[in-house]
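The same chain A turns up in both complexes below, where it pairs with chain B and then with chain C.
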Partner chain A sequence: MVESIVSTGMAIGCIYALIGITYNVMFTASRVFSFTAGTLGMLGGVLGSLFIAHMGMPVAAGFLLVLAAGAVFGIVTEIVAVRPVLKSLDQHLYVLSTLALALIVQQFTAIEWGTEARPFPRLFDIPRGGFDQQFWLPILACVVVIVGLELLYRHTLVGRAFLAISEDNYAARALGLPERSLRMASYALAGGIGALAGFAGGEMLLAFFGNAPILTFYGFVPVALGGMGSNRGAVVAGILLGLFQQAANFLVGGIFASVAVFTVFIIVLLARPEGLAGASLQRRV
Partner chain B sequence: MLGAAGTFGAALPFLVLLVVGITFPLFGGGYWGVIATRACVYWVLVSGLNLVVGFAGQIAIGWVALLTLGAYTTSVLAAGNVMPALSPYLALAIAAVVGAIFGLLIGLPALRLRTFYFAITTLGFATIVTQVALAWQSVTGGGVGVPGPIFPEPFSSQWGLYYFCFGLAALCTWMTANVAHSRFGRALTAIRDAEVAAEASGISKPALLAVVFLFSGAVAAVAGGLFAALQSYITPDAFTLDLSVLFFIAILIGGRGSILGPLLGTILLTVLPEFAAPLVAWSTFLYAVLLLVIVLAMPGGIAEILDFQSRRPLESGREIVPRPDLLKQLLGAAPNAGALTLEQVALSFGGVRAIDGLDLEIRPNQVHGLIGPNGSGKTTTLNVISGYYVQQRGAVTLNGTALPALARHRRAHMRIARTFQTPRIVGSASVLENVMIGGSIDGEGTFVESLLSLPRHRRDEAMLRDSAILALAAVGLERLAPVRADRLQHSELRFTEIARALMLRPAFLLLDEPAAGLSAEEIRRLGALLLAIAGAGTGVLLVEHHADLIFDICHHVTVLNLGKKLAAGTPAEIRSHREVVNAYLGG
Partner chain C sequence: MSMTRRQALASASAAVVAGGLAKPAIAASDPIRVGYLPALTGPSSATGIGINRGIQLAVQEINAAGGINGRQIELITRDTQSDPTKAVNGAAELSRGQQVSVIFGPVNSGESLAVVPLLARTNTPQVHPCWVDALTDPQKYPMCFRNAPTNQQIGGAANRYVVEVLNRKKVAVISDTTGYGAASVNAYVPMLQAKGAQVVYQGNVDAANPDLKPELLRMQYAGAEVIMPWSVNAGFLSRIINTRGDMGWDVPIVGQTTLGSGQTKALLEKPEYWAKVYPNNFRNVCYAPGGKLPDRTNAFLDRLKSAKIDMGDTLLWWVALGYDSPRLIAEAMKNVGTEPEQVVGYLNKLKGFPGVYGDITFTPDQHNGYPDEEVVMVEANSLKDGAFNLAPGYSA
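The block that comes next holds the complex of A and B.
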């Protein structure tokens, strides 16, 4: 049983962490938390099932198409829901615009794909058993993304430009960095990561439209616990969350697990709104 | 502001809806009765949520959780599958109490968290309530569900239930409209659009939001009980996030800070899908599209479309002519509050010493000027006095008593008022309402008294209105009283802020660059007004860049440089101070 808790918990935790990273990548580029993060995860599962199981595409082609679709949705999010409200004085508008976009996509999926959870195809034709692909795929995806982002941010010019606009938007623009293109690129990247989360975790989560709000919430918990914008924090907090949830599920039942996660989340947010590992104070007057 | 005709005009749409609602069974058939009852049930919830979302501006998207909670509480208690069955009315009342408690619990995070965090918290709560309803089979029946309550005669028939729900909906409309036109409603919009101004006016955000969440949770749970009675059988499936979206969007379509708009929005969203059967499946999709369109293109919603008054052009070439002679009447007997004193106050941000050992004394009856180059610590000094920062060393005392650290809203109770470098105004409220916000702490009635429009509430309103009109006349803006504040010119906003500050009958008035952006003539009138305010007994602290204004009206001037006092004395002494002239005035 311990084995099952650990493998399921790690895998689910890595999916939460990846959604958390999706939030973070969009946040660092625009100071906006987008409700579309969970929608991207849902799309990864639904589109993967659509391309591979229903349209019969090869796994590799389906995978690439899913990533591309995620990236496109990321760019659409930036153009439709983020850019028009960034300049607005009313700072909460982005909450509404990204929520609206997330709902539009979620409802469209519910109508066109159906409200039943459908199975996700097995990606590799290897026999089930032991540490199955449905467990190691999300973990692998998480490792790849973390290492990839680390390399991108630390060792490439584009990555450093990403960091620059997140550190100081005005200064970065004054230096001549193309802020808008970088923001769009960040959203495309976030879109790919979110879709990857849903794709890699497809076998566990299934292709189900209702995953969107669940991932939106549980994917934000690691961000809140790990610190806004901190990817490493999100991974640690995400895995802990997954393990805790699975352990509680097995040992004391689902009600307790959900209520406990929610309570911890609220308490942490109340005690440290900027996350356990972050610090920021805004001047208001 | 509004004559009898204006009041009637504002009430007319509600009266029409009331008549339509009462006579509805005469022309509505069986199925339409269900739709109409549903609209009433939804409105009971939305009316309360409107105070949270529309007035206080808190993005509560998971309010369906409270509907679920109320529906299950009422049904389970009335069905008696846990304990002996209760009367449905008692069950509904208990649900209201449970709803109020949970409304407060969900709402609490909003006291510290902003926008997205609060939104996601309510979303998480909604997810969890559904999961619990599914999993807690012994009580909720799990996926199988429980029967809803049946209200006894005369409310057991279809039209009986309709009239029951309609009555509650009408009651909720009346109560929330009362709150909207009370100091509480104005304070909520101030928290939404100008939080720092609300604090400076003595409005305590936690206390106010707590009551609103209690009320909103209670009516949402009552709506849940009615919903269960209407459905006659409830399962967790009935409470999807789609419903939350409907409630939330009804408010935004209607327009924030309005009662009529969200009411029409709720009716519209409930009825619209019924006209086109194929649309039912797409309704939430369409609501979401509508939300996006509204956010991007029409943030004011239906209420703004119906606001014909604000489209009439204002007269051009308006002049602000203050009437300082009215100040005596407005401010009353000269308050004797002693002096406001800063002693050796120091505050650093990181390595930067914003203020470094500052001494300052503001006395009643005097205008004290605080000048210095940019970054010399003027606004920081103001912010320490009004409680946004805590000094690291030294003391800020009022008549010998230290001011409480960080308790911004308590400054108003000590009659310390302030204005802001950028005017902080509720743009969608009228100028008069904005000024009335300044007198919030002088109201005596409680929230419940405002809810029910009891005598003390009406007395408060009359008193605040009279004072606000007087304050507007004193600063020279009484002709603009009924105008939406966001239509005013910059200089008019500055005088509006002063009028709002005067509502406190301040012992001390702190002004942060009040002359910025004013014409020479307006600056001269501002100077005369400030002198008259000081003459009425108030101690004025004037942070300003206009050297002429400072030297014209100040009794005492302190010059700051790099957080330290460079010089202090009468205007004449400062003008001849060699270092000041070199460092700042030029000469």
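The block that comes next holds the complex of A and C.
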């Protein structure tokens, strides 16, 4: 039982964490929570299955194409659903615009791909059993992403420019930083991370259009618990969420597992509204 | 002579009513217009496409043989696109605009739930093959008939197989959290208990849950001797089958037809995991022990072959159901004409209509025409040319 809680819980938790990071990367560039994050995860699974299992592409080519498709969808999100509403950010119109885009893509996928779950290919031809690739692939993807983002943000000029516009985009623009291009690059990066989440977790979640709302929902929990904009917080909260959810599956089971997860979620937010790793925002008055 | 306002209104109303009731003269040789509401596209279209092959073949055969008393059948089709809203629009157009004599369909329950009450108000006879129990009611929908089983019959057949044929008394009943899944569990658990079975596990689980091992371990600890899943979600069903296989747990899985679908098969980790999985099916379109189909079904298969109808991507019961439906309607019209009341009156007394899919019988109080005993269980891994082997324990 413990082995199953750890392996499945860690794997699913890392997928939630990657979706949480997708939210964060888009948020830091635009102050917008784009509800297309879960749709990106769904597309990672569906496109991976399409390219590799149905079109017969090599795994590496299929993987790169999935990342590219995720990046393109990220850029489209920025242009179609985010940029037009940035001027009225305080009205939260982005909730509607990003949700609408997510629903359009989800329904289009349902029509073209079908409403039944389809198999996701085995990425490495190794026998099943024990700590299988369906468990360690999402964990590996999460480690690679968090290390890569740390290196990007702290050791490259572009990464520092990302941080600059997230801290104060007016000041960043005044200093000559190309805010719009950086924002688009952030959305492309987020798109790639979201698609990677679905691709790495494809064997576990299957290539299924219905994964979009689930990932949108459960992927937001690490953001809220970990602190908005905090990638480290999202990883810790995502893994804790996965482990707790899997433990609840064993201990209470059925639909009560979800009830248990969201009860804890509400209690944590009541106790620490800024999230586990977030800091209280000070407002000048 | 002067006319009061009341008299004028009464005359106008009478004229409108008379005009509305007036019917166009129909020549004896004009085609008989039959409305048809299949889901030929969209997410639930696999069933509709299969049924459509049978429908088209039957209409061709009836028309080639001279039609109904010399009149050809004109099938007026509106693709519902698997969408209840489009099904309602199609039904309204067929009944009011096209003024068809009878409507077959929709072929999915979700669409029928929207269409059946509408057609009940338009005086249009309807035949549909949808399983949701509430979709026939001779009091509320006196012109609506079902030439397929109800959910009660589907669950009843699975329960009979588990308790009477497999002789398993400790049962785990699981479903997803959809309305269909939850309603099925609520309906079938008391039926099982009434048969003397002990339901040792009962649960509704989110179909997207990637790991069902906790649920299957709970069933195993409770001493379950058989798993009965009720869901149309191939992902959910395949996870149950895969988890049973990974656990090395040798219990039969008995339940919904989707257990035997190609989508479920595609999601299995190993082909051998499909053994001891028994979904619902229908006796007339199944291979009996010895690998034989009933004579009537063999003759039907020959007709399908001569018409070059592809069976590689569909199920025989879908095509057979489609084939029987226009023949059932034609039989009524051949005997009593095309007036709605006459068609309904004939169907109300229909006894043992010999379909390929099953023998259909209606009475004024029973518009569910499919016989209980023809709903059976089959071996999921035995699919050949669209048909399955009867599950072990059934006689020929």
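To be clear about the criterion, the second predicted complex is superposed on the first by the 268 of 285 C-alpha atoms of A that agree within 3 Å, B and C clash if a C-alpha of one lies under 4 Å from a C-alpha of the other, contacts with A are read in each partner's own complex, and residues count from 1 in each chain.
Here, a residue touches a chain if its C-beta (ideal position, glycine included) is under 8 Å from a C-beta of that chain, and two chains touch if they have at least 3 such contacts.
Keep in mind that this is a model prediction, so the values were computed, not measured.
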Quick one: classify A:Thr216 as touching chain B (first), chain C (second), both or neither.
first
In the superposed model, does chain B or chain C contact more residues of chain A?
B
Applying the touch criterion given at the start, work out whether A:Arg173 contacts chain B, chain C, both or neither, answering first, second, both or neither.
neither
Which holds for A:Met204: it touches chain B only (first), chain C only (second), both, or neither?
second
Thinking of the overlay built on chain A, is A:Gly253 touched by chain B (first), by chain C (second), by both, or by neither?
both
With the two structures laid over each other on chain A, which partner does A:Arg31 touch: chain B (first), chain C (second), both, or neither?
neither
Between chain B (first) and chain C (second), which, if any, makes contact with A:Leu103: first, second, both or neither?
first
Taking the superposition on A as described, I'd like to know which of chain B and chain C A:Thr8 touches: first, second, both or neither.
second
Under the stated touch criterion, which partner chain does A:Ile111 make contact with: chain B (first), chain C (second), both, or neither?
both
Could you pull out which residues of chain A sit against chain B in one structure and against chain C in the other?
111, 214, 253-255, 258
Touching chain A in the complex: which residues of chain B?
57, 59, 61, 108-109, 112-117, 119-121, 123-125, 127-128, 131-132, 135-136, 195-196, 241, 245, 252, 281-282, 284-285, 287-289, 291-292, 295-296, 299, 379, 383, 386, 388, 420-421
Partner chain B, residues of chain A touching it in the complex
33, 35, 80-81, 84-85, 90-97, 99-101, 103-104, 107-108, 111, 213-214, 216-217, 220, 224, 253-255, 258-259, 262, 265-266, 269-270, 273, 284-285
What part of chain A is in contact with chain C in the complex they form?
1, 4, 8, 12, 110-111, 114-119, 128, 204-206, 208, 210-211, 214, 246, 249-250, 253-255, 257-258
Chain A partner contacts - residues on chain C that touch it in the complex
42-44, 177, 203-211, 213-215, 217-218, 233-235, 238, 263, 266-267, 269
